[in-house]
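Which chain is which? They are A, B, C, D, E and F, in the order written, and residues in each are numbered from 1.
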Amino acid sequence: MNNTKLIVSHAPFWHDGDSLFQLNLNYLIALLPAALFGILQFGATALGVLTLSVAFAMLWETIMNLVSRQDMTIGNLESAVIGLLFGMMLPATAPWWIVVIGTFVCVVIGKYIFGGTGGNPFHPTLVGMAILMMSWPVYFDFDAAYVSYEFDFTALAPLAAVKFQGAGAAELFPVGGLLAGQEVGAIGAVFGLGLIIGGVYLILRGYTRWEIVVSFLAGIIITGGLFSLTNPDAYPSPLFHLFSGYTLLGAFFLATENSSSPVNRIPMLIYGFLGGFMIILMRNIGAYADGTVLAILLINLVNPLIDNIRPKALGKGVTNA
Amino acid sequence: MREMISMVVVLTVLTAVSGGLLAAIKSGTELRIEEQVLKFQKAPAIAQIFTDVSNDPLAERFNVETEGTTLQVFPGKLEDGGTAVAFETKGKGGYGGDVGLMVGINTDNDQIIAVRVTTHSETPGLGARAKDDPSFVSQFADLSLEENLDLKNNNGSIDAMSGATITSQAVCLAAIQAQELYKKLKPEILKQIQ
Amino acid sequence: MAQSLAKEFTKGLWAELPPFRLVLGLCPVLAVTKTVENGLGMGIATTFVLVFSNLLVSMLRNVIPTKVRIACYIVIIATFVTIVEFLAQAFAYPLFLALGIFIPLIVVNCIVLGRAEAFASKNTPVMAIADGLGIGIGFTLSLGAIGLVREFLGAGTITIWGGTPVFDMTSVFANFQPFGFMIEAPGAFVALGLMLAVMNLIPSK
Amino acid sequence: MLEALLFMLGIGALCGIVLSLSSKVFYVYEDPRIAQVENNLAGANCGGCGFAGCSAAAEAIVSGKEAPSLCIINSKEGVEAVSRIMGVDAGSAEPPMSYNMCEGGNRAADKYHYMGVSSCKAMAVVFGGKRVCGVGCIGLGDCVKACKFDAVYMGPDGHPVVIDEKCVGCGACQKSCPKDIIEVKTLTEKLMKFNQKHDPLAPCAQTCPAEINIPRYINQLKNGQYKEAVQTIRMRNPLPLACGRVCPHPCENECRRGVEDEPVSINQLKRFVADYEMNSGSRLPITCAPDTGKKVAVIGGGPAGLSCAFFLRRIGHQVDIFEAMPKLGGIIRYGIPEYRLPKKVLDWEIQGILDLGIKAFTHVRFGEDFGLGSLMASGYNAVFMGIGAWKDYALGIEGEDLDGCYKGIDWLQRFSSGQEMKLGKTAAVVGGGNSAIDCVRTLIRLGLEKVYIVYRRTRNEMPANEVEIVAAEEEGIEFVFLAAPTRVIGDDDGKAIGLEYLKMELGEPDASGRRRPVPVEGSETVLDVDMVISAISQAPDPSFKDKDPHTRMDDLELTRWNTIDSDPATLQSSIPYIFTGGDAATGPALVVDAIGGGRRAARSIDLFLKGEAVVPPKDSLQNKRIHESIFTSVEGIRQIKRAKMPELHVDQRLDSMVEVDLVLPEAEAHREADRCLNCCRICYDPDTDFPIAK
Amino acid sequence: MEYFELAIGCIFINNILLAQFLGNCPFLGTSKKMETAVGMSMAVVFVMVMAGIFTWTVDTYLLKGLGVEYLRTVSFILVIASLVQFVEMFLKKSIPGLYAGLGIFLPLITTNCAVMGACLLNISKEYSFMQALAASFFYAIGFGLALILFAGVRERINLARVPKALQDTSIGLVTAGMIALTFTAFKGMV
Amino acid sequence: MIKRSFFALSKPKLTYDLLGSDQKAPEAIPVPGSLTLLLPETIDSTKQALITQGDAVKKGEKLKLYEDGTDYVLSPVAGTIRGFDSYSDDFGNTATYILIKPDPSKTGEEDTVGLEPEEDLDFANANLRHLPGALPFATLADENTSINTVIIAGADTDVLSDTCQFVCTAYADEMVEGTRILKRMTQVSRIFLTLPEKLQTQANFGSVQILKTDETYPSTLPAMIMKDHLGTELPAGKTPEDMGVCFIRAEALVSLARVFKTKAPVFEKVVTLIDKGGNKQRLTATLGTPLSKIFARFNVHINDSDRIIIGGPMRGFATYTPHHPVVPDMDMIIVQDRDTVTELSNTPCVNCGECIRICPANIPVNLLVRFLEADEYEEAADKYDLQSCIECGLCAFVCKARIPLYQYIRLGKHELLALRADA
């Protein structure tokens, strides 16, 4: 028998070299500006939350791999991204156990039980967020979270302020300030500019689909604009919505998550727009101050349905063959 | 044909027997059920409203007829010698159905003594706080019946529970209903108390 | 006879344990298991209906024509359901309040009609009672178990009877903050789904 | 109260009337079975089955799209009732079980490193799979994935293992296997499976005439699963005790270990587990398929008849055996002496077969006491003729009928049945087969002074088993080779006093490769013996044909050797409902041949009884070997001596008929089993750690 | 506007499946394939509206008229069961095409607590006839919407590598929970 | 290898290699000591074989396995048959390989089978099927398919390859002659030659109409040519032949012309070898030459876990043995070092949508692969356009999860055929 065994595989024998590791690594890179700013703004506790979150997300994934005797999958960094996103959506004062439980819910209930990588019908981080926000709403009250902090800007969570004090409160938050992170909120969601830079980086690198981002933002601007036009006293301007709360994080990093978003162009546009529309609806007439989390979960839910709108395949439309 | 007849007969007999049986049981348990309703639904609310009455409002309850329905009224003798009444109204449009509200009114100064939610099927943690957490319903205490008992959104004087606007609305509706009923039936009620 | 009687009874406790093994009758399972007490109460009510409707269906099994059998069974079941409703109001009023609309809905619980059709209509009254009792007790225990999980996690308490918790986590950890999600509607689905998965890991025989 | 009564009365009546009327008005014909099936479903309309309600499920069952067990909440009785309505026959009551035929796992070497879709199916289409072995398990576990019941798991050796308790016989694994090595079969199918060209078979299993899965039972023995090993043997051989003692084990000749070392003592191991069962004090249960209601007559209670009866019974037919002799067993009772196969052992074994519910009528001779006519009249649907070959060939020399001259089988049989026979002092037995050896070894035990064995060729050509020859030598038998008897010399009383023979020498090899003996002119020599037994060969006794009055008997064709003419693959005779097997079909052959033939005939009879065409198994490997599985060299073997069969010392055995060969001790048996390379077609486990192939 | 609010309330906020926990057995049973889900949804819409009309009439004119409200359960379920059976027979004979699409789902609806539940809710909320009609319709739409969305997600989950113990119903329930979670998004909108 | 660009907002572009202007003549590999011929027919032990070990064969002799066999090969040399065995190819195809030991002494007239070529399809089908370039005479002569268009591949169908371009420019005259012969044989009027748009060539193609093809892969695949140049969309599940279009290698026509010229079959195949360093070598080898001989000639060392690709990097196949012979349709051999082999993974699809955007046939690969993984082939074909795939391999090329998508699709098509054959 010949001992030189060749590799036998199927065509193609070339690959463009991309991988899930690359994808998630780029996500992490893109998230860095906003995350770093959060640490600067909210101090060491923010760093603690982020580290704990990433570490535990990866730990849970490792544990589940071990328990179910699967191959190790933490190498593709997916759980790191989930963990980082989760941490970035928390206030810097979140207690450690929220992070531990939250990452467990994200990784295990949000992802693992649906079959792990690629199987999750909803964004795992958002599943964790939604469940936690339902269980312990107190810890997601950003106004309460930062009472002991001193800021040189209005120390109020913009969306909550608008919700409870009316649209007039929006004037406390100039758009420039929001972009520069002069607001109170989740660690990674306050620095609008950083999020935009990261998001654009991902789009340019081809790791997120611009259609979703653009239509998502368009959904917010158009719907918010309509509301604002009909009753400017009751409803703040669309730009305020755009740069406050989780909106930018949602548009660039959450709605675009691969396995829970559409891949065809028209569905992507519908999907994004619907997300923006729902956010405004929930903020303006619904019960929630933010709503990004549930709005994106909702569009995740309709994703399988709308993603059926796709171009006809070659030779499928041919009759009379 | 026989099959058809048997189908009709069997079904008819069965339903008839069922109807008879249920009617019998109904009449057998009717009294006991009424007691239970009093004991579990109304008694706790009344006890909370009339914290210091000298009589037994439950025992002294009486009915007032109004527009074809019967209103059960629980009279209370206040410590200061005044009289008060409590009765229950239903607030429409709760999150999970109607919200029952027991409203206690001081007949002397037409002020609300207190209100308590009796029945509801609201979401736990949100709407259900209307019953479990008195901070919301305590807003009604000592309000005059002349006040607008609606939510602040509707130019009333009541703050809605955060996250449970609908339930709050239903409670307010029940209070407003009580307000109207009381205004209408006050003479009748006062007559009965004497 | 005694052996098969025991078999019919015990199968409902494990091998055909509703709702875990049969995956039926989920609506009350999801809706009323906010506390152990509610779960058990619903289970007992269902057991009552199961046993008596099984008995009656079995007794009348030769009389009822095939074409109207569903209607007949349903009338029988509905009758007992109404009786339960009366009894619950008369003797366990708080429970009646907690179970709300779900008592009348026992009538459409697939388990009840399913047992009537699959078992009672083909077996003797004694067997039918054993079956009804077994399935009913299994159902009650399952509801209790789900209630336990949901209540303990979601509220940090355990309420077995009478509305007062027999256990409260806050007495152990003063700062305990329950996992409120479990008490909520979505939590009901998730809790049941995960418990079902745990049951799947345990072989049915 | 009254309102309630009236209200319910009204609404009940209304509903009843509407429903009853509409059931007439809107009557639509549908397959009545749908309603019947629906009545036997749980009726909860729960949708758990994935169908929209019970009637939809019932329709799916009736249309055959779904199994009767579709309803997830139906009781066992309900499922059975549905099966009955669907007319699913008794065969499906016999649960099929999945069975993995390749145990090679990772043993076969790889031809390449595979990268790509990780499924057997995908790999199998890439140059036939990466394993060098073309028929073996690929091991990526498509079957494990296909099984919805968790009944298949990937074993530690890289091949799937089936958990019998969980298997429901759905066949998903079989469908998923691109190599056709996981098979879902009913007991009947498993019992009636014959070696096929594409099967993963070790050379020994290919060689065994009974087609026993030898590596499997040796492996089971090795693991201490003696009972399972016995069951494995019983799938193919109903007489492991007898075979374990008398089989000349052609399998060992093909043993791959024998290429570089001594072959594994396969037969000893069979005897070990068979004796284990006998000595354990209880019989292992033998499962039978449900009754089919068909009746088969087996004529002849020898190995072929017993085998045929055993397998027919196990696949559910009713079987009666008719035996001319007083007891069952045929040649192995009457032709094999006590010291080789004790009657006690044989009785125990035959009783086990009869315990399955087979009736035996002894002392009835076909053609005389009963015939074809009477069998047909008694309602037998088919007949198996395993009448053996009991008629000795004559030497064809002068003086053969003198007093003191006997025929081998005849003599052995008369001796076995306890007939008084006059013994001489010295005896010559003519012939070189096992019967001849049996004769001489019996004679020496009877106290004869001198016993000769006279054979035309040399020791190398003797067809008897080597061990037998050695034993005979040890026991002091005198061998006269290259001697062709020419005449029996008698005295005046007609008593034999000597055997004259002509010396031979070996000439050119003939077609069979054996060197032909050529007589040496004028070399006549005389042996002084007063007994001459000719044990050269036998043929079936065709006398039944003339004695049976039934005219149909004329249609039964015989060959020129008086064997019953039959298709060698199906063993069906010229009369379609008569089948044959064993010596009656082949002429004198091995016991295992007869056992294999009995099973082959049972398969044909089963087909015949089911009204199917009696055709040979597809791609049958009957008596052929798969070329690629026969090696000329086997690497990596560390030589280990073959277990030596314990036997009674010569001193002890010569004056008694006590069994000579003894069973291997347990430790020895394990050691021997460890020598097995656990071969398959091309792969095997050598002593080294490195699995290699070809 | 009143009906619009009713619609939003019945479809999204008080979704009969996800908030009221009614009709879960067929929800899990018929959501494995999109086609079945669509068929079931249509059938539910049809039956729920019919049942809403019938039960409202029975309740208003007979039960209340005779003062035997306590017979509500018995009479409602009898009416629904008979109605379903009647419609099934009618469709089978008269409109076989429609029967093939919808009819086969009808038996599932007899024991669908969503139908019974919707009827009882109509009565307990003291809706007028038109309201009851609309509410029934919207409840059914809510049921169908949840079912179809669920089927869409479930079709994908069925193909994902869900751990064995969680497969099928188990993961279905968890997914349903997630859907219920997302439906809380509509809270407070009316 | 082409890597993903840093800014990958637009989809990656794979371009075909163009033939350079300074082409050396291909290096001829001498006839080796042993040839392996692949005969596309399965050994059937129940039949009496026509050839046995030790038989002497002449050059050009037609070798058939069985009397009623459906296919044949021509022996490229005179010699003796050393043996034959069965060979499992991809996707369930089996063949028989025949080992021939050439006898260098037998070069005479009597050792060669002459040929009197006729311009007749049946004659060609019976004698010229396996010429270098593999002219599809079996299809052309099939009465069930009516070919009305012939497209000569002057542009290579796979990236990196320029064999077709080389042959059709270097041997343009012969190719034109071959085209004329083919035209007379088949009576097909529509004959086109594909050539890369940017290829600078002085060759004269006479009257053959030229289709200028795009430089982007996969524009020269049959389905794309039909769509872009013939204006017909290939219906899902159909082959170009079903639509009356036949694709032929330029080299096949060159061979045809040579046969008619020399009145003897030809066996020299032009092959491009790309070694581990990516260097291109052009060579000609006798059909049946084991690749190992070619590797030896060009000092290519094959180590464990290297990969030998026959055909292009996108559509070829990897063989498991360096002894694989040169066959008539082999244009290119690529040897990849083990370090340059991209690892595949067992990760499920993450739904990133790269495949969707690059697929020239608009197939929902992300959904399709889920169904293929679950073995639901009918569903995959009905709803997810399995059969629309034109087999370019781009989806697997860009797959982030590194799923062997192309293999799944090929396997799916294969299993679907088997399923439908069963039903």
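By our rule, contacts are C-beta pairs under 8 Å (C-beta built on N, C-alpha and C of every residue); 3 or more make two chains touch, one makes a residue touch a chain.
What you see is a predicted model, and the numbers here were worked out from it, not measured in a lab.
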| item | value |
| --- | --- |
| Required minimum of steps from chain B to chain D, each step between chains that touch | 1 |
| Each chain counted as touching chain C and chain F at once | A, D, E |
| Farthest-lying chain, centroid of Cα atoms versus that of chain E | D |
| Which of B-C and D-E has more C-beta contact pairs | D-E |
| Chain centre separation in whole Å, for chain F relative to chain B (CA means) | 86 |
| Distance between the centres, which are taken as Cα means, of chain D and chain A, whole angstrom | 69 |
| Mean-CA-position distance for chain E and chain B (Å) | 31 |
| Whole-Å separation of chain centres (CA-atom averages), chain A against chain C | 41 |
| Interface hub residues of chain B, defined as touching at least two other chains | 3, 7, 10-11, 14-15, 18-19, 22-23, 26, 163, 165 |
| Two or more partner chains touched - positions in chain D | 3-4, 6-8, 11-12, 15-16, 19-20, 23, 44-46, 48, 111-113, 115-117, 126-127, 130 |
| Of all residues in chain A, the ones touching two or more other chains | 5-10, 109, 113, 115-116, 118-119, 131, 134, 287 |
| Interfacial residue positions of chain A with respect to chain F in the complex | 2-20, 22-23, 71, 73, 76, 115-119, 203-207, 209-210, 258-264, 310-318, 321 |
| Complex contact set, residues of chain A against chain E | 68, 109, 112-116, 118-119, 121-122, 127, 130-131, 134, 278, 281-282, 285-288, 291, 294-295, 297-298, 300-305 |
| Touching residues on chain B, where the partner in the complex is chain C | 3, 6-7, 10-11, 14-15, 18, 21-22, 25-26, 29, 32-33, 36-37, 39-41, 119, 121, 123-125 |
| Chain E - residues contacting chain C, complex | 18-25, 28, 70-74, 77-78, 81-82, 85, 110-113, 115-117, 120-121, 124, 163-166, 169-178, 180-181, 184 |
| Chain A-touching residues of chain C, taken from the complex the two chains share | 177-182, 184, 186-187, 190, 194, 197 |
